[in-house]
Every structure is written in structure tokens, then in C-alpha cells.
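Below you'll find the structures, each written out as C-alpha cells.
In the two complexes below, subunit A is the common chain; its partner is subunit B in one and subunit C in the other.
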Partner chain A sequence: MTPKKRYKFARVKLTRAGVRNGLDGPAVARPRALFKSFSRERHDLIWATVFLLPAMVAILSTRVWPAVGAISSSLHTGFPGGVREPVFSWFDNYLRLFENPAFIEVIVRTIAFNLVINPLQIAIALVISLVMTRTIPFRGLWRTLVFIPATVPIVGSTIAWGIGLRWDGPVNAIISALGGTPQPFFTSADQALASIILVATWIGVGYWMLFLIAGIEAIPREYYEAAKIDRAGPIRTFFSITVPQLKRPLLFVLVACTVANFVLFVPIQLITNGGPQSSTALLMFDAYRTTFGYGSRNLGAAEVVILASIMLTFVALQFFLLREDREPKGGSK
Partner chain B sequence: MKSTKRSAVAIFAAAAIFATVGCTTASDVADSSASSAAGSGADTTAAWSIPDTDPVATITLLGLPDLVDGNMQPVLDAFAEAHPNITVVYQNVPFDALNAAIDAGVSAKNGTPDVYWADMPRIAALTARGYTTDLTEQFAPYSDAWDDASYKGASVGDTLQGVPIANSSQLLYYNKDLLDSAGVDYPSNDPNSRITWEDIKQNSKNLVADGTKNGIVFGQVDRYYQLQALPVSLGGSPGATGEGNLTPDITGDPWVTSMDFYGSLFAEGLSPRGITPEQNDQEFLDGNTAYYVQGPWFLPALNSSDINWGVALHPYFADGVPVTATGSWALAMNPFSQNKEATAIFMKWMSVDEGAGYIKYRPDAELPANKAGKDFYYAKDVFKSDEGDKAAKIIGFETGNTAVNRLSTVGYVEFEGIVNRAFADIRNGIDARTALEAASTELEAAWQTYK
Partner chain C sequence: MIKSSFRSRSKVNIPATVIAVLLATVFILPALWILGGSLRPSGEIFGSISPLSWRTLIPSSVSLDNYISLLSGGFATALANSFVASILAVAVGLALSALASYALAVLSFRGRSAVFAFVVVSFMVPFEAIAIPLSQQFGDWGLTNTVVGLVLPAIGNGLAIFNLRQYFLSLPDSLREAARIDGASEIRILWSIYVPNSGSALTNSGLLIFLGQWTSYLWPLLVINEQDRQVAPVALAKTFGEYSTDFGQNFAGAVMLALVPALLMFAMQRFFGGIAMSSGEK
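Then we have the complex of A and B:
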């Protein structure tokens, strides 16, 4: 830091301290208080830096730097594989991607998938949470049962569902036993993505439920009592009390769920491999295949940047829609 | 307080998104650091030779066969005995993960693995990516050791980029009991009365009607390696034409007709839909399959089973010509290897010494690329039975007369992935023309990189 800058810094502090002293204490005490305050703030600043440094280094090296690397890589084009040096080529990768109708289909499919799966998962999690916060027998047992799928590694759940939904698997056996027609599930272009949604929802719902239960239980009982006195029915109570009071956990769940589903990969890689007829080729899987299957790292990086941009747009929209100032009067503390 | 919580959620969201970008592109960062390391350290062009005395070294081999189930352990033990100074660390990956493992390993530029299993039709693509070491100078003195087709299969232009360790062929195995039960004649071993695909389909219908679970099963279901023989039998190209074989050619009549046929086998319940290549052998060994197309590597399992099996010539289309799959594995050297000389000694031992150590010491009946290896190959136990003897004669005939190599192109990596997915779609009931046209469009886009 240059002496001039230090002077400026000190002057700002002096001014602030001066204002405070001017209001709180006698004028004679100013110089000593000024010095003390300045010294304490610098002391705090040093220690804050020391404590924050490891986290900052970790965030910069493992998060920000790779993100910058991905953006830089997406602006280069190179021969597939990681040995030859790529050359800077502005937006060539992006142009190539957007000129490819199959890639546009991947983006549309990814967005459509997320527009269905996220509200679906959260709605189911919310309904289950409401049931699980009522006084029902064996509540702990039911909660545990719903949560168990979240504790099983996703690879295990995926394999189990892959077998379960096979042509000759148990689900079709049940359908046949009930007099229905066996369904192709993962082997049909019309049903594969829906089957993926089923698997992901089965895995995810229990996890999101946990946060929502915590949120519901944190809502003060008085609100419900007040609603009761006002003769509000269960639906009115749900929309006027539960939902507004649940905004914060709901926002967290919505954002986390969206992020998780945008990067959903395992069921697609293990069961459908993007097929049949590319019907389950979502952007995350496509980026993986481009990068590691074909070795086109730069093109894959461009896909990842596009994925992250779409995801950010969605998350920003969610923040906007669930912003706090829309909270009804009396709801804030 | 409110804003603090909201900031916390915002930070979480940003961190999660950064994590996405970060995780998926960790390789890019690894790349940039590795390239600087490569620039200062590893010299990929330094001269090397195959020394007469073994250096003390540890090399890493990335391979396909499992140590125990795939009988790779006896091979490595025999090498350790012949070359005690060289330690081989073996990394085993499943077939579907091999290419991604090669890509990740070599592009890290740290020299691991030193040597890896390379599918011959991929060698052109691997070389174009800079993943192989030119072996021409060091291995030229041994080029006579291999049959011509294998030498060419491991070469790119005039340069040798891998050493061939195996060759392959395809046979039609059948379950005698199931055929007897349905009153179906055994398929022929006479090249003049080779069974047709049309007959296989008709017989399969009779067999399934008789109670057989699977009429006909492709051992390499949905894999170009085995299915290429269908369109080519009808006069189709290997899948691409033009300069560098980079113009897709999979929508012509031979491809559509033969793939219609492939799809119909599944649609009509003659082949099982949901069984993977890894499960097919067991289906035959369990007595569930009447006809089974598979390579000679299946022979040991048959010999040690109770199945009453027979073997015949690979089928062809009545309007076409007999065609069989061929080509197999080579060993390629990582250009960033720090132990090129020790690695070369290992590669030479596997493919040249003693008629190819890999063939000699691996009990499995992998067809040798080494000419001298054929002597002890056909003397293996698996060929001692009557049917084994027939198999040996069929392999000899097919490799010399009907074998057709897979497509040779720098775009093979994309080609195989996209075409295999089209095969899977057809198996699952998608119309062959629709699936192949979609694959052709996808290929056009993927091959832009090479044009």
C-alpha cells in the first residue's frame, strides 16, 4: 500500500470515528479514540483476512479458476484429444453448436425436462412433508422410509430401477398381473425420459422433504391458531400461511433441486446412454459425451458454459419470483 | 438478517453452479498444467531403441481382460519370469470404459499408462490425436512375425503405430439339443452350403415355437464389430466413403435392408431385447439360445460346460456374399511414456517373442496375429474335441477368405459410438431407415471437426 492510499484510508476512518465521537463523547477525547478505533479496525481486518484466506483460496482454486478455464477453453478450437494445443477462435464452438439441429434439440429437451421435473419433485416433496408434519402413527418410520432412497448411492438406485423397468422386469410383471400391457419404459423413445424422471424423483423427493419438514415445523403455531380463529380452511391456510412462511426453505430446495436436475447424469449414462433416438440426451450427458467420449474438450467446454448459463438464468428467475418483499404483511419478523 | 439468509442461498447457488463448471472441466485445467509440464519435461520425440539388456523399470499397462476371469494373470506371471527387472502394473477396465480411460490417461501427459490396449480400427484416430508412438523404426525388424492384415491393421499409412497381439473371427455356435428337439438341421461347415440369414430366421421361428427361449443371439449385440458383416454382405460399404472415409454411407439399401432384418429378429421375439453383450455368453451356456454368433474366445467356456454344442460357418444373406468380422487388439505406446525401452521390451514379448507371449500364456482362445503363434494356438486344448477341430478349420477359412476390416478413418471414435446407438435404437423397435438417417446426420455434424 502506498503512503498516499494509507492516508486516504486513515482519513475515511477518522471521519467516521469523528462523527461517532462527535455524537457520543466530549470533543477532547477525540484524538485518542480516533487512534484506538483505527487500530482496532485494522486489527480486525487482518484477522478477518487470515480466517477467510483458506476458504478464499479454496473457492478461487477449485471453483472460480476452473470456471474461468472452462470459458477460456470454450473460446478455443482444437483437434479432439488433449495432446494438441488448441487455438483461440472466438465463438466458433458456440456457432458450430447452434448450427447443429441435434444440439438445439438437446437444449430444448433439457429445458423441458427441468420445467417438468423440478415442480414435480418439489410438489411431491411438499405434499409428503405436509403429511409427515401431521400427527400420524409411526411418523418417524414413514419419514425414514421416504428418506432412505436419498441415502442409497445413485448408481445402486439406478441399476435397481434399470432392472425393475426392464421388459421382463418386476414392474411389467405387476402390470401384466393386473391385466395391463407390459410397457417398454427405457427402450421406448416416448417413455424413456419419463422413466428417468421417475427414477430421479424417487431418489430426490425424500431429500428435499427433509428441508421442507424443518421449514414447516419452524412456522410459529400462533399463525395457524389465528387462521383457525379467522375460520380459514385448510387450503386457504396452506396458501396464506404455510407457503409464504416456507419461502426461504422453498427457495433453497428449488435452487438446489434445479441445479441437481440440470446436472443429472448417472441414470442416463447407466441405463439409456442418451437413447433411444437421443430421447434422453440431456445437456450434461451430451457435454460429457463430447468431452470424454469423443475427446472434443473445447466443444465440451462450450456446452458446459451454455449449461451453466441456462442454469443461472433459471436460478435468477427463481430468486426473482420468490423475492422476500412479496411477503404479506405480518409475515416478517 | 433476512438479507444474510438470502445471500447465503445465493452463495450456495453460485457455488453449486461453479461446482458444475469446475467438475466437468477439471480435465481442462489438468491439461493446461500438464502441457506446461510436458513442454519442460517429457520429450516425446527423443530417440529410443529396444535394448538387449533389460532396464530396471516399472511400467503401467491399461488392458481389457480381467486378471482372473480373463486369464491375464498367467500372462503377466510369464513375463515377470522372463523379464524380472521390469515390473508391470496392470490396470483393468471394462470394454465400454476403455476409450475414455485411454483419452484421460494419455492426455494427462504424465506417461501413465505406458502401454494400452488399442482397438485396431481406432488406431488411425488415436494417432491423429497424438496418442500413439511411431514404432516403425524399432519394430520393423519384426514385421514379418505378424500376418499381413494385422500389420496393416496396426499401421497408419506407412507407419506402425501399434503392435498387433491378436486377431479375430466370428463363428456360428448352435445348441444341438434345441435344434434336434425342433427338428432343425445343423448348419453346415461346407463353404458351398453355408447357412443364410433367411434360413436362420425361419429356423429360429420354428425353434421359438418349439419352446426355445432365444432363436438367434448376436454375442456382440449392437456393436459395429459384429454387425458390419450384415450390410457388407449385401454389398454395402463399411459405413463411410470419400476422402479419409469421412462421408457417412449408412442410408443406402444394403444398410437399411440388413438393419430391417436385424430389427425384425427382436420385434418378432427371436432375439432377446434386453440382454447386454456381457450376459449373452451365459444365455447360451444356460441352454436358452439355439444359434449364437460369437468369436473364438467363447470356445474355452463351451468346452468346460455341459452344453451339447456345435459350430458352423457364419451366416450370409442369400442375395449377398459371405462376410465375417476380423481385426482385434494391438498394444500402443503412450508417447509421453518415461519408460519407452522397458515398454517396448514388454510389447515385443507380448506380440513377437516365443510366437507372442500373450497368445502363448493366455489360456483363452484369442486368435493370434503372430504367424508362429498359430502353431501352438491350434494345438490348444480347446481345439482338441471334434467341434473344436471344426472351429479351428472354420477360423482358418474365414480369416483367409471372408474377413472384412472395419472402417478406417480418423473419425472412427465418433462413428462407432453413433452407429452402435443406431443399432440399439433399431433393436428397440425404431424403424431402420429413420434410425440410420438420424445417425448419418449426427455423424455429419460430429465429423465437421476433421474437415
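Then we have the complex of A and C:
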């Protein structure tokens, strides 16, 4: 996971240029070689079909088909035991879900969780990136140390925190040593979700930091020198130069972070199992539990569709709020 | 000139240095605690916590007992399963990606940009969101508990295709033209010109697929339910649930899971990172 991955994500920005590139690709038939270019076009098309087929089958069957299947399944009602075929039932599953107060709580909890964790992670990553781009000795070392948690597979870090936040664990030992009262963390309905946020933040922040550091370092130094000459303070400089110049990486990181946290699953399944008292039952986990724990695959499919809809709404809102202002920039076309 | 004068003016920022060191400590301490815990007897993990001292982090004696007992249990099989699945996913996934990328970067046909846009969208959709319905369909197709079922989602990796396609675009067209004149087929051109010249891009795409498969937890959990076919992350999670007193083994498992991709990336960098033939164009 790594600097390499970051490189590739940074390249996602090239997409639009890439697509355009594809558009001017096809050879324009020159009158003289009309037949030749025609046969060549056919040659390319045949080979392209052969070459693309396996990858397209893999993507269609594992990415598109389940999405279609989930929507279709959510509109059917099955019978326990699966002896009879599920029957088409319009929006019955959705109605059943929304009539259930426990499910409404899951939705509210999921949205609240995301309203807290995403800004929190981005803010922490931004502060760390600002610190890590100052003139400090061994900068690369400190950056690497913050990034290392992001390279540990999530099952490993989840287990470590599950043990670390036990009542007799090291975190409570530190709290006691500092004169505080040991906290219940995952075993208390009031603290379990906050503890999940802590674990996910420890894992994610170093990864987001990489993108933000790259963004900060791409801001021309002249802007800061100009701000200095104008006697702008650090806070003014931050809001007038750093934040506007960081809009693109910020948007990317925010969207990626939101998507990752909406489907957050491992810490919940592994440590709290949705509890105590359902305090950590988020939508992704609830869909899993409904499908496999309670065996209602149609209801679970409806939950997946609802999850995807809420997530896409969030992402669309973020694109809208952080859209680039189309400032007229001297004669640009 | 400007740069050097700037440099001479900027001094080490001491408050920022202090904060950076503190931040780095906060982030690395839990990881060090895992590493230390994996190298000491289980009893010592909690025994060393109070009173809090440097002994909490550093074991009094280093032993590999946790690793040995973990590997002599079922975890070795799970690790082997993970390896087989990851290597299979990389081999098949790279072949598919290389073919598709060649079509998207080199061949020209109507609808190419639409196919490419589709590939880009496919890797932006989080897999977890559709994993549950997909696992049900795989069940219907008889793919539960099969290696094919385990690796198929990792094979259709849009990001790997995207990365390779970008690289293929940068290779000069003239190489392909020359090969065509010599009568080489497209598959021959891909295999003898594009693949040998794309070591670094292939390594990157391969790593992406490997990491995706190696670290996946939800998907194996859904599609594999026989214990001796299970992969390492799920097996580790199961031991966490079952014998949650043997934390030393849990830590050792976490370290092994983290170490494999780290070592692999290090090795790959050494072996493939440097290979980038300059274009033979003149």
C-alpha cells in the first residue's frame, strides 16, 4: 500500500485527458488509403473485442451484475428456507425496513457516524500534513512513522486495538498513570462507537496525509512569499492560500474517506459485533447481519441499495460543495 | 539562486519538530506494541502493563514461540491458501489487464473511450458495498468454497487496467508499426514489445492486485466457509474470537500479515523497479 498507490491515485486526475486522448485516437481515413484504413479498423476492432472480452466479463460479473442483482433482489420477497421462489413485491422490503424503528436508528447512526468521522479524519490529516511540510529535521522519518498504521492489514490493527482498549489494556494503563479513571471503551454503549472512530482514524489518517502532503508541496512558494510580504498571519495564509489551493486533493481525500467509512466493517464485526446495545450497528454491518445472521437475503439486498444511495448522495454533495469556482482566469479558454 | 537564498533563510522550525515527533510517536507506539507483544510470552503482554514502564513495549527476552505455535496450528494452511489465492489473482489478473490495456491504449476502435470510462467507474465503486449480493450470486453459481470464487473479484481490477493503459500510452507507436510491418500479430506485439518494456507498470498493477487479495477480509468471509480453505486474515480473526487469551499469537499473526506485503514491495522494488528500457526510437 504505499507511495506507489498514491501515485496511481494521483493519476486518476488524468482521466479526462485520457478519455480525450482516446477520442482523437481513431485514424482519420485518408482518401487514398480508404480501403486499407477500413480493413485496419476492422482488424483493430476484432482484436480489441478479443482482448477486452475476458477483463470485461470479470468486471461485469463481479461489479455490475451484483449491483443489478441487488436492486432486483431488493424488490422481491423470499420465503424462509428458500423452498419457493421469491416473488416480485415492489417496495415491500423498503417499507418493512423503514417501518422498523431499529432500522431508522441504524440509518441515523450511520449518517451521524460519517458526519463526525470524515471531517475529523480530514482535519487531523490536514493538520499533520501542515506540520510535516515545515522545515524539520528527518521529515521523511516522521512521515513514514505516521503512515505505517495504514500499511498494516485492517484485521491486524483491529485485533491490536481490540486488545489495547481492554479495561486492563495499555491505554487504560496510560490513563491511570496520568491520574485518570480507566474507561470501558468497547464495552460501553456510550463509548463503543467513539472507540471505533479512534481505531479507524489511527488506520486511515496516515494514508490521507500522503495525498495532502503532495498537494501542499505542489502549491507555488511564491504565494507564501507574497503573503509574507503582505504581512498576512499564519491563519490568514492558511485560509486564503493553502485551503483554496488544496481544493482538488481535499475533494479527492474527502470522497475516498467517505466511501471507505461508509463500508467500514472489520472493526465492528470483529470487536463489538454491533453492540453493546446496538450502539455500533452501522448500515454496512447491519446489511451483513440481516443477510447472514437472520437469513433475509432480500431484506439485506434492500439495505445494500439504501447504503449505496446514501453514500452516493454524500459524495455528490461533496462534489457540489467543493466544486471549483469558475473564476475567469485571464483569457483562458 | 532564489531557492538557495530561500533555504538559507528558512531555519528549523522547532515547535513543528516537537509536534511532528509527538505525532509520529502516537501513531507508531501501537504498532511497536504489536511487534513487541508478538515476540514475548502471552502472559507478559498484560503483566508488563502495570506499572507502566519501558518494559511495556520492550520484551525482557525475545522468542519466536508465538510464531511457531501459531504456524503449527491451522494458520500455516491459511497462510498457504492466502498465497495461492494472491499469486493466482496476480497471474490471471495481470494477463487480463495487459490484454485489456493494450486494446484501450493501442488499438483504435469505435467506443474505446466509452469502454475506458466504464473501467474507470468500475474501480471507483467500493467493492464492499456489493460484496454481499455478489456472494449470494456466487453461491447460486456454485462458486462457494472454490478458489475461483475467491479470486474472481480481484481479477477484474479496473485500477490495474487504468494504470497499465496509462503506461502503454507512453510507449512509442513506432515500435508497434515496425513489428506490424514484420508481420507480427497483435498478441505477439503485446507479448514481445509491450510486456517486456512495462516492468515497472506491470509490477505496480501486480502489487495492487496482490494487496487487494492479500488484505481482503469481507469477501473470503462471505465466500469461503470451510476452515481448511480459509485465508489468513479470516483465520486470524477467528483465533482472536476463539482463544482470545492468547494475545501473543494474535500479535504474531498480525505481524506476519503486515510483513508479507512489506517484504514483497521491498523485493519488487529491487528486482523490477529499475527496469525501464528507453525507447529504441531514434
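We take it that the second predicted complex is superposed on the first by the 259 of 333 C-alpha atoms of A that agree within 3 Å, B and C clash if a C-alpha of one lies under 4 Å from a C-alpha of the other, contacts with A are read in each partner's own complex, and residues count from 1 in each chain.
Heads up, the rule we're going with is that a contact is a pair of C-beta atoms (placed from the backbone, for glycine too) under 8 Å apart; a residue touches a chain by one contact, two chains touch by 3 or more.
Source: prediction; values computed, not measured.
J.: Could you say whether A:63 touches subunit B, subunit C, both of them, or neither, answering first, second, both or neither?
T.: Both partners.
J.: Quick one: is A:252 in contact with subunit B, with subunit C, with both, or with neither? Answer first, second, both or neither.
T.: A:252 sits against subunit B, while subunit C stays out of touch.
J.: Quick check for you: in the superposed arrangement, does A:296 touch first (subunit B), second (subunit C), both or neither?
T.: first
J.: With the two complexes superposed on chain A, say which partner A:188 touches: subunit B (first), subunit C (second), both, or neither.
T.: A:188 sits against subunit B, while subunit C stays out of touch.
J.: Contacts for A:100 in the overlay, against subunit B (first) and subunit C (second): which applies, first, second, both or neither?
T.: A:100 sits against subunit B, while subunit C stays out of touch.
J.: Per the contact definition in the header, classify A:51: touching subunit B only (first), subunit C only (second), both, or neither.
T.: second
J.: A:168 in the overlay: touching subunit B, subunit C, both, or neither? Say first, second, both or neither.
T.: The answer is both, since A:168 touches subunit B and subunit C.
J.: Does the superposition put A:39 against subunit B (first), subunit C (second), both, or neither?
T.: Once the two structures are laid over each other on A, A:39 reaches no partner at all.
J.: Who contacts more of subunit A, subunit B or subunit C?
T.: So, of the two partners, C touches more residues of subunit A.
J.: Could you say whether A:311 touches subunit B, subunit C, both of them, or neither, answering first, second, both or neither?
T.: Both subunit B and subunit C are touched by A:311.
J.: Of the residues on subunit A, which ones does subunit B touch that subunit C also touches?
T.: 59, 62-67, 69-70, 73, 168, 259, 262-263, 284, 287-288, 291-292, 297, 300-301, 304, 307-308, 311
J.: In the complex of these two chains, what residues of subunit C are touching subunit A?
T.: The touching residues are 6, 10-13, 16-17, 19-21, 23-25, 27-28, 30-31, 33-34, 45-46, 49-52, 56, 95-97, 99-100, 102-104, 107-110, 112-113, 115-120, 122, 125-134, 136-137, 152-153, 155-156, 158-159, 161-163, 165-166, 169, 186, 190, 204, 207-208, 211, 214-215, 217-218, 222, 233-234, 236-237, 240-241, 247, 250-251, 253-255, 257-258, 261-262, 265.
J.: If you look only at subunit B, which of its residues touch subunit A in the complex?
T.: Where subunit B meets subunit A, its residues are 2, 5-6, 9-10, 12-13, 15-29, 31-32, 34-35, 99-100, 103-104, 106-109, 128-131, 273-274, 335, 413-414, 417, 421, 424-425, 428-430, 434-435, 438, 441-442, 445-446, 448-449.
J.: Mind pulling up the subunit A residues that touch subunit B in the complex?
T.: Touching subunit B from subunit A are residues 59, 62-67, 69-70, 73, 79-85, 96, 100-103, 166-168, 184, 187-189, 248, 251-252, 255-256, 259, 262-263, 273-278, 284, 287-289, 291-297, 299-301, 304-305, 307-308, 311-312, 315, 319, 324, 332.
J.: Given the complex with subunit C, which residues does subunit A contribute to the contact?
T.: 1-2, 4-5, 7-8, 11-12, 14-15, 18-19, 21-23, 25-27, 41, 44-45, 47-48, 51-52, 54-67, 69-70, 73, 128, 131-132, 134-137, 139, 141-142, 145-146, 148-149, 151-164, 168-170, 173-174, 176-177, 202, 205-206, 221, 259-260, 262-263, 265-266, 270, 284, 287-288, 291-292, 297, 300-301, 304, 307-308, 311
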